[in-house]
Structure formats: structure tokens, C-alpha cells
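So that you can tell them apart, the chains are marked A, B, C and D in the order they are listed, and the count of residues begins at 1 in each.
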Amino acid sequence: MDRALFPEGLERCSFGKFALWLLFITVFLLYGLYAMIVIFAKGIVVTGLDNYFGFGLWITVDLAIIALGAGAFFTGFLRYLLKIDQLANIINLAVIVGFICYSGAMLVLCMDIGQPIRCWFGYWHPNVHSMLTEVIFCITCYCIVLVIEYVPIILEQKQLYRIPFIHHLAHNMHLNMALFAGIGAFLSTFHQGSLGGMYGVLAGRPYAFREGFFIWPWTFFLFVLSAVGCGPIFTVLIATLMEKLTGRKLVDYKTKALMGKIAGTMLTVYIFFKLIDTWAWAHDYLPTTGLTFDQMFYGVIYGKWLMFTEIILCGLVPAIMLITPSIRNNPKMLYTAGILDCIGICLNRYLFTVQTIAIPLLPFDKWQTYAPNWAEWATTGLIVAYGFLVLSLSYRYLPIFPQERAMNK
Amino acid sequence: MSGHAFKEFKINWGMVIDLDKCTGCGACMTACQVENNIAPMVDASNKMRTLSWMLVFELSNGKPAPEAEVAYLPRPCMQCGHPACVPVCPVVATDKNEEGGIVSQIYPRCIGCRYCMAACPYHARYFNWEDPIFPKGMEKALSPDTSTRPRGVVEKCNFCHTRLMHAKDKARQDGGDPEALAEGAYIPACVEVCPTGAITFGDLKNPEHKVHQLSKSKNAFRLLEKLGLKPQVYYMSNREWVRKLGDNYAAGGKPGAEKKHS
Amino acid sequence: MEEKKQCKGCWGALPFVIGFVAAVIAGWVLYPDLIYSKKTQPVNFSHKVHAEQGMVCADCHTFRDDGSYAGIPTNEKCNECHSDVVGTNPAEKVYVDKYGKTGKDVPWLIYQYQPDNVIFSHKAHESLECTSCHPDMAKNDVPPTYYQNKLSGYSKQTMRMWQCERCHAENGVSNACHVCHK
Amino acid sequence: MGLDRRGFVKFVVGGVAGTLFTPVIWKGMDDAAKWSQNWGWIPRLPKGERKAVPALSKLCKSGCAVKVQTVGGAPFAALGNPDNPMSKGGVCPICAGSVQLMYSPARVAGPLKKVGEGKYSPIKWEEAEAMLVEKLTPLKGQDGKIAAISGDETGTANEVLSALLAGLGNASGYCAMPGEMLTATRGVKLMGGAGQPGFDIEGADFVLMIGADALDSWGASVANQKAFAASHPTGEAATARFVYAGPALNNTSGVCDQFVAVPPTATGVFALALANALISVGATCSAPDFADYKALAAKCTPEVFEKATGLKAEVLKDLAGKIKAAKAPLVIPGASFGQGSGALDFVAGASLNVLLGRVGQKGGMTLLPAAPKALSAAADRAEAKDAGSFMAQVATGKAAPAALIVYEANPAYALPQAGDMTKALGNIAFKVAFATYMDETASLADLVLPAPHPYERFDDAMNPYGVAKPTYLAGKPVLAKPVVDAKDPVDVLLAAAGKLGLSLGFETYADVIKAKAKAVGADMDTLTGGAAWTGEPKGGSLSLGAAALAKAPAPKADDKAVALAPLSKLACGTTELACPPADLLTIRDTELKGKDLFVQMNAATAKKLGVAEGNKIKLTGGSGEVKALVHVNEGVAAGTVAMLMGFGHSAWDQYTKGKGDNIFKILTVSDEAGTGMKVWAGSTVTVAKI
């Protein structure tokens, strides 16, 4: 039925099957949209957030998907600026995943703020000292860059590409892609860092506060490193997931392993500094606040196992796995390492977001706990479903994977 | 705070709260709620959603009966000298830029991102989870001094700032200097109603004001002094266990001693 | 080939241009009119008539003992002279019958309306001429039409934050948030 | 030129592009933001001239002298009155939120007539007043047929009520809600004196409060707190020591130098054991019954003390030493919740003042002369019947009134064994409630007559309990007209009296107060202007009350039951008033969580009862049961469970209705040996986990 729209020379599943799949996604989309409408109508009182937990699942999701979406800028940087041509096999997917992550993050932010009508105040009345201002500006700008990077992929759609104007436009945009990749890399580095900086500057929150270099606390750099340490491998995981779902080969393993190597290298550098940072924090900084390492943790929900899981099991372990060629070249091991890596980074974002504010600092105060409620989960599901939708449509109608035709002969 | 310099002011409005005089009766919280137009909440026992600019904590010495003791600790906004909340605000809805050092919070500017709440270790900032709903008729008893806030914005104690503006107008009317108010010309509502006079208010920098000397007394301390936020609210108590609850001492040290970091 | 394409391009751009121009006209001409509702004062008050009697602003717009500003006078003040009709102006009769005698305060429309979150001290600005901020009402015979923004409810004539800030900046007065907001 | 689809799309794109060059989007965004800053459904602030109007707020028991802040004539806040000695600028938590109470959703908006179980229909005042007269007319002259319960301890309205009843031949029907004043006056009588006792906290250098929560809910609390503050100048050495001996750490003990955890069942033993300790360090006095007293006290040995209180005897010795060393010690006896303790507990505590020679001294216990009356036909305040005893008689049929007038009281809620009281009220054919709020009693009444809020009426306060000197306050309305269709109850009663053929000599309450002020020797205008009149206490000596104390029974040991200590916290409301909306925030989440009230006990008691933090338990006592959650609080005395009163309302509004449980349901009323009084402080309960 929609065969004429398929990418040149590629097979796709029947329209009926595709429609069923879309229906499945739509269920989540609609539930999420319902939650979003409720949130806009009644305010975020309907969420599980409260006086102690002003930040919760949404901010965690924001930070996590922005980190995971880092594959776009870093792959773009390596592909266009460092000219690692092999990455051309996966760059389109990296861009799309990046676009989904960033646009999704902006939607979540709009829900998260109490007065969405005033969201533009961030641009019109910026506080130049706030890390969040930097985040707002960079995310918006980078999202625009991602749109610019995504557009040529759309324009390459078989039917559109026949129109000479669009053909030329796409071609010209491609030619200048290095420029956008450069801008993207610059913007991304800053806001990935600023997201870390957001926590590092919290002088009143010893779990997150860090000393730093010039105006940037150490978390600024750690967040950049951790993002590039997981973004590329996340793109690989998405590609692999798509292969499993569609039953077609999309990206050759060599490219995946290369992405794994890139992520692994960055993750190793990150974990190295993270270990030093954590040690210095616990040993040098915490005592100056009169707090002990043990006081940073509570029960199971905010227990030490979280930090152990984050740094060792989902940090050090995948880092070693990814930089060891023999392990990396085993697909199962690569994917396992990739999943651990992504979990570790998400956990890191969660801990910085939630554990930071769960710790009672006033000696007469108590620990409070936070659990997201349906409204937060539903809207998070909305973002995931939105991602699947964009990815499904892109896969079905756009020529994303240059190797697909050759590999599925 | 790295890279963010804060202004010094000639006047530092501040409090010294004598914890040995606070009975925890709650008159300050009530007066605060009235002065600042906080709508009553049907379930005020859900402390995770209430708005209490002034909150009286109950402190315990942690000893078993019959040695147990309590103390009450009123917690307004600390109006920190180095506020953690101000530099994080993305839209300059909160600032410490007025003579007197009161940290402002401007509701029409606030977008409700709650970053300032995450930054404040004193939990002095509150988010309006819902629109202010007063039972029918009670809106006729609103105070003219504080604008009502819609849902979705953050608010906090501002030392009843409008009272400062009124005091200045009164000084101008009487031919005085609005920038050199006499002690007592301006006091927040909680200070005014307190039946035991537990809260002393004035300019911490002015030797003629009682708070100046009191803040330097050996029993005076500030909450979480070691974090270096330099609150303009001091507490004092003759009881060591009370003083000790003002900060964390896990790594040793005596109450009252300030330990700095950058 | 080249020419043909260009020409086609010209034709193709026409709807775009029409749309563009129409939007610009609508946006600049119709829109500003559309967003305001026009209102007239409940009483056709003439400042001029009063000024001609030798009255000055401060006769009615007074400061109270606590330094606060009374703003627009209440019926009590008006009734000092107009407890009954004293002149021939029909507007006076409207006031006396509809408000002065019924005890209902006149719902004057305030051109310089400021929202609740603004605190303004007339006392602090006493050294300035009234006309630095307000229109020179002394010569005004018919109250100007009141334009109210349909969405925000603000008076079109009111002073905006940037105007306050500019004057403060020029005069070296603090522009701290709390100076003007409550 | 036809417009095809492509052309239309271009037109729209052009339109959108063009719009970007107009102010539509930018101005629209700006206006939308301004709209969000001034949402129409958010209330606007009032404007106008501001004034501070002196007034008397009688929402708390003792009454607060306040200055009501008004803007454009509308009240919005109540602050203290620095010129009034009862306030000195301070205000209690209830009165701090008093203005908002004018608009309480629980307010009775107009006269109501009962038309069915729990159903009321609004009626006109003429009809309501006619109904009142019609119901009372046939009962005129039949003693015992008309009764009145007053919840006001200090107002001259009581004289009107009493004189009205007397005039209708029902002098014996005048009852007062229980409180410290009634108990203490009886106690003084047992000690051979007369009059209401006073306590000069201001002049004392050592204040021992036995049960009395003097710095929060007992007596003239704001004046007490100001006296405490004066002796504790911030930053300087305190000039007086305060010790609280009571069942649990409360607001008073939060600032005391010492807290002695005395179970509510052991108050009398504590006082006598202390007397024993004092005598053993040389305390003596010239009271005629000293020898008897000494012998009585000697029975309260340290061992008896230890057994009854669970404390070590050293505490006693140490305390006796400190009291002995003080120049002006003062002992304030009372119940932790301001009522229910017998006259004997009062005598035991007050006798310490006699023993120490502190009666009539500066900083000691004083005796107030009887206040002059405005209505000569009225009975003395102290002659009022105790409403609890009276209702108990109604329950058993010993008293059978056909009409009951309830004035500013809530007997259906605030009498011990509240369940029985509600039933007893059902035995009375016609009940009229003068009520500002639709409370539990109003909800049972046949006729509800809305009373004005304190800022809408004249009222006065003569000798609020606890004051050291005769003190008189009066207030006039802040608002010219009540915000609801309310009428002053006294005006209504005076008019009704007229129609019943009885002239009481006054037409309005304002006239009554004017006469009262004149009788006292004060100027009405000065009083309503915010000043207080004070006189001098009368002299006179007291005995140690040994004869009465000798009749006190030895405390019973009951292993199954634990002592129940009701706690009173002013901010949670009073027996007449549910927690005001503006005070809800002050209730801690260890006191009330959602709809569950907490019962507090120390870890040892919890262990003994086999319960733990957060357990839901049932407490059974009196004639009812109460459900609550356990909160372990080490500040509760041994073998005692403490619980806040003021919760468990079945009427009122969304802020209080159905929250927590009513402790009055499980208080057990018993007869006090030798005095004929009903007591319920020191009740015991059994606890079961559910």
C-alpha cells in the first residue's frame, strides 16, 4: 500500500503489520498524552513530586536521555570532523536517536516546570550565572542543529528526493554537515557539562557539590565524559534492537565494535576520573561539612549498593569489557557491556537528581523517600513511545542505513 | 560558590532566635500564614505538600525517658549571605540585590523549575502545588501586603518585606531617613506576635541594634554553618545539645566553630 | 531550461508572498485593535473643571499619615463638596444619584493600573512631578477612553516594568526586585 | 487564478512567515505570561486605608487583647496590643488566625430550626426569637425545667444568663463548662479561703508548674508567656527558673529548665512528696493545720513517690533544694489539659505555696476579690453548677430540664464520656444553641442562633483564670455589621426576658458591659480602646487543707490499665473551638497524619503494651473507645499514654471534621472523695492493638 514510499530497493513489512505495531505504540502515546493533559490542566500536583523532591523522575529522564542521545554529537564529531568514514554506516541513526532524545527532553521540561506559559522567560530573562540557563540555551540550539541534521535524511525520502529543489537542498545541506557537526559538538559539550554543573554548584547539597576549574565544577567534566562514554554504545544498542525487531541486518558488526571501542575508551577515561572524584569527595570534601560517607546513604532505597552498582558494576566492568578487544568482538558481550554502561549512566543521573535532595542535612530532619507516580511514568512512557514512533517511521520510509541493501541481499 | 561574587550590604536584616524562649506555640506560623496570604490546606498533615514559610521544628535530645528534652526551632528563610538558591535560578526570579540583604522571590517571574528548592538545604522554599483556594468569603480577609501566588511558582519567606517598605514610607512621611530605620521600626509578623519574644530582629551590622551583639554571643550559631551559606538568621541556646543540632559534627569539632570551604 | 525554471519559481512564490503580506498587514493593523476592549469611566469626570476652581492635585489625591497614598479619592472625599448637586454638569448628577447618595464607591478605571504583585510608593516619588508618570489631567475635560488588554487585563496606558527600570537606572536608584514587587 | 493544494500550502507558509514579522506572536506570548500572573480565579488583594483597631478576641479561653488590622475597613489580621498588659504585643496562635475565623466555613450563617435528624432549615430572626420565648414561657417558674450551660468563663454574659434563669425561677439550672477556675475556687474553699486564686509569675524567681501548661494553654497564656520572657532576657542570664512537672513534654516544658515526668495519676502524690521533702529540709509554716499536714506528707515517702511516678527520689530532693534556695518560689497546680482534676489535686499543689509562705506575697499565689456585678440578681461565678455533673444527672434522670440554653459551649463534644453526654442531650426536649460555629452541640440543637464573631460584638473578660491581680478587659465590634446574619446572644436573651415579663434592667449587652465597667470602676471607652483595668488582690491567709487532703484515697494500682494524659495545645483549638484554618499548619505529623491521631508513649510503655511505632491501637475507657496510631515519644511519663485533645470533631468544617478522634470519649468520670466533685484527670485506659 505504501510501497512507493519505501527507500529505494528495500523491503519492509506489510502495511497491516506496521499498522498493528503503530497501534501498539499509540496505546502508550495516548495514555501519555492523557497524563500530559491532566498535568497541564491541574498542574504538577498530580505527580509524586513534593516539597522535598522538587526534582524526580522527569529530571532524571531528561538527564539520562540527553546523555544517551550524546551519540549524535560525538559520532557526528568523529565522522565529520575527525573523518572516521566508517561511522557513516550509523551516523544517520545516531542523529535520529539524538533528535528523539533532545526533543523528548524539551517536552519533559515543559511539563516539569510549574508555569509552562512562561517557558520563554528562560531566553528573555536569562540568569547568566545559572547552569540551567546554559542548559536551556544549549539544548534548544542543539535541538535546532539536530533538526538541521535530520532534515536532509528526511529529504532523501524516495519521493521527495525526486523534486529537484529538495534534491539540491539535501545535497547542499549534506555538504555543510561538517559545520553543523562542529556547532553541535560545541553546544553539546557545554550543555552536557552544564547538566553536571547544575549539581556540582549546589553548595547546600554536599552529595552533589564539587570544587572545580574556573566556573565549572568537576561534575561538569564528568558529565561530558560519561555522556560520550554511553551515547555511541546506546546508538549501537538501538540499531541492534531494530535488527531484532525487523529481522534484517542494518549495521555491520565492525561498525558496532568501533562504536563500542569509542564508547569504551571514553567510559574508561570517565571511570578513572569518577573514581578519583568520588574518593576525593568522600575523603576530603565531606568531612569539611561535618558529614560522613555513611550519612549519605539510607536503607535499601538510598543504599550504598546504588553507588557500587553505578561505579563498579555498571561503570568499571563495562569499561573493561569495551576496551578489551576480545570481549568487545563478541556480540553478546558487547551488548551486555553496552546495556551495563547505559544503566550505569542513567543511575548516575538518578543519584545526582534524587539522592542529592533526599539526604537530610539539618541534623533534626529525617530522610524522605520519593517514588514517581502514574503521571510521571505515563509521560515518560509517552517520550519512549514517541521515540519508537519516530524511529519506526524513519526506518520504514527513510534510507537510514547505507549498508542495509548490501547486507540483506 | 565558584565564580559568583556576592554583594556586601550596609544593612543586613537578620534575626537572632533564642531557642530557650520558643515554646513552639505556633503563633509565628499562623501570623505568617495570615500576613502572607497562604490559603489553609484541608490536609495540612501532609507536610510534603504544605506551604510553611515559617516552620517550627521539634528538636529532641534523643535521650530516653525521663531524661528526654525538647526544644523548638522556628525556621524562616535564612536570607543567606551566600544563598545557594540565587545563582541557580535560570530566570532571575530570585535575587539578593537589595540593600538589607533580603533574598527576593518574584512570583510573576518564576517559571516553577524548582531548581532553587533542590539547592536550599533548609527546605525554606515552597512550591505552589495548587492554586490558592480560600473557603468562600475568606478571600475578603486577605492581607494587602503579599500578592497571591498562582500554582506552579516557588515562594518563600521574605522577612515580610512589605513591612520594610511601609516602614520606609512612614520614615519619609515623618521626615526621617528611610535608609536608617530605628530598631523596631520594621519587624516581620512572626517577630511581632511571638508571645515570648523569642525572635529578635534588626540590622546585624548596626551596633545600635540588639541583634548585632546577640549574633556574636558565645551561644549563637547558625544552621549548617559549615556549608558556608552564611545565613542572616542566628539561633542561640544555653543548651549544648540544642546548639549541636545546628550543624553536623560527625567529623568532630565544637558547636559554633565555623569551618570554611572555598 | 534555466529560464523556464526561474519563471515557474516566480509563479510559485506568489501565494507565499500574498500570504506573507496579508499576515504582516493583519498583524500590524488589525491585531493591536483586536486585543483591547474599550471602556469609558463610570462618571464623566472633568479634571479641568476642578482645576479651574483653583484646586490642585493634592487637594483630592492625598497622602495618609502613615505615608501611604490614598490614590483616587473615595466617595467621602467627593461628598465634601458634592453631597448634593451643586453645579449644572450632568456628570455631577450621575455621581450624586448613582454613587454619592447610595454609598457605593465609584468603580473608577485606573489608567495606571498595576497588578497586585507591584508595590509602588508615591511617597518615595514625591519629589517628582505628577506628570512625569501620569498624563497632565489638569487640562483634561473628558476622561480618555480606557483600553484594557483582553487577555492580561492590563490597562494599555499603564507604565511597564522597563519604564520603571529605566528611570531608576537613570537616577541611580536600585532596581532590585523587591523595590517594586511584593 | 485557481488555488491548488500546493498553492494553498505556500500561502499558509507565507502567512506564518509574515506573522513572525508582526507583534502577534511576541505580544501574544507576553500577554499570555501576564495572564498567567493574574489569573482571574486567584483572589485579588484588598485596597484602602489601613487601621489598627483594638479589640478583645475571646476565641481562646483567657481572651487576647489584640489590634485588628483593617484595610478599607475590612479586617485581615490580628496582632497583639502592646499597650495592654495581657498582651504586651503578644498574641496566641488561635487569635493570630482569628480574623480568618470570621469566614470559617463552619460559621452559622443565620438562625436555623431543626426540621429532622441532622436537618435544619433557615428561619428569620423574628421567628427564631418568637420560638425561644414560646418554648420558655410554659416552663417559667418551674424550678429544674430550664437549664443553661455557658462555655464562657469570663464574660458578663454569664450574669445575664444567671439572672435570667433566676428570674424565671430556675436559679439552679445555671451551669458552667468545666475548667480550672471552678476547680480552683473549690480548692481555695477547702483551704479555708474564698475567691479565685491568682499566680504572680512575673514576680516569682522559681516557678514550679504541676500539670498546668502555663506557657501554652493554661490560664492567661500570653500574659504568662510575657512574664516568662521578662525573666529570660535574650542574651542575658535568666532571673527565674521554670520547672514543669507533668505527664509529657509539651510546649511549656520546651522552655523550662527542668521537666519532671509525673504520670497524671500521681499528681497529688508528687505534690505531697515534694512537701515532705521540703519539710525535711526545714520548710515550715504557721498554718494551724501544719502538724496534720506534716503527718500526711510524711506518708508520701520517697518510696511511695518512686512507685507512683516511676522517677528516682533524687529528683525530688534536688527539686526541694532548689525551691528552698529560691527567694520567691511559686507553685502552679493544674491539669495538663486545663480541667478535670479534682479540688484535692489543686489543694495538694497550692498547699506548697502555703507551706513556703508564698500566699499573698509578690511572686506568690494571690486571692482575687469577688468582682462587682452588673446584675445584682446574678449568681456568683463560682456558684455555677459543673456542666459535667449536671449532664450526668440528666443522663440518669435525676435532673429533667425541658429546655436547655447553650451559650458558647460545646457540651456534646467537650464533656468527659462524650458519648454519654450526646445521649443525655437527647433527653432534653428543647435545646437552643447560641453558637458562632456549627459545632457538635449546635448540630443537636432544636434552634441554632448564630452568635457574632468577637470582632462583630461587644464582650468583656473579668479575671481570666490565673491572673495575679483583678483584671478586666472589654472590647467593641471592629465591624459595624456581622458578616453573617448574627445577633448578639445577650441582646437576644435580654429581649426574650422582656417578652417573658422579666426586666433585667438592660436592653443590650453593650449596656451591661458599660454597667459592669462602672461597677468595677473602669471607663468603658478606655477599655474598648484597648486598655485593661487592673485592681489589687485581696489579702487573707489559707490553711494547708490537711483535713481535705486526708480524705484523698490512696492511688490504686492497676497493672492492665495505663494512665491517660490528655494534652492541650492552644493551636489545636479549645473545647469550644476546633482548630482554626490558619493554625492547621502547626499540627505536627507526629500528632496527626491524614485522619489518624497519634497517641504518644515512651518506649518502655510501648514495650509493656506490646505495641510499636505506627501501630494502630484502640484505647478503651470511660464509656467509649478511641482509635489512634502509636508514636514513641520519650517525653511521656512512665506508664502513661498521652494524647492531644481537640480532634475527632463530627461537626465543623472540612478542615477539622473527621480528623483524629475525640479523647473526651474515653475519659472516665469518678467522684472525688470528700469534695463531691466529679474528676476525670487521671483516667486510665486499656490499650489493644488492632
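The definition used in the following text is that a contact is a pair of C-beta atoms (placed from the backbone, for glycine too) under 8 Å apart; a residue touches a chain by one contact, two chains touch by 3 or more.
Please read all numbers here as calculations on a predicted model, not as lab measurements.
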| item | value |
| --- | --- |
| Label of the chain whose CA centroid is most distant from the centroid of chain A | D |
| Middle chain, criterion being Cα centroid separation | B |
| Centre-of-Cα separation between chain D and chain A, whole angstrom | 60 |
| Whole-Å gap between the CA centroids of chain A and chain B | 39 |
| Between chain C and chain B, distance of the C-alpha-averaged centres to the nearest whole Å | 37 |
| Euclidean distance of C-alpha centroids - chain A vs chain C, Å | 50 |
| Residues of chain C engaged with two or more neighbouring chains | 66, 68, 115-117 |
| Per-residue overlap in chain B, given as positions that touch at least 2 other chains | 47, 50, 58, 60, 92, 107-109, 131, 147-148, 150 |
| Multi-chain contact sites of chain D, meaning residues that touch two or more partners | 32, 34-37, 44-45, 47-48, 50 |
| Residues on chain A engaged by chain D in the complex (per definition of touch) | 115, 117-118, 120-121 |
| Contact footprint of chain B on chain A as seen in their complex | 43-45, 49-52, 54-55, 112-115, 118-119, 121-122, 125-127, 129-133, 136, 198, 201-206, 211-212, 214-217, 285-292, 295, 356-357, 361-365, 368 |
| Residues of chain C touching chain D in the complex | 12-24, 26-28, 31-32, 35, 64, 66, 68, 70-71, 74, 115-117, 149, 151-154 |
| Contact set on chain D toward chain A in their complex | 29, 32-33, 35-36 |
| Residues of chain D touching chain C in the complex | 3, 6-8, 10-19, 21-24, 27-28, 31-32, 34-35, 37-38, 40, 44-45, 47-50 |
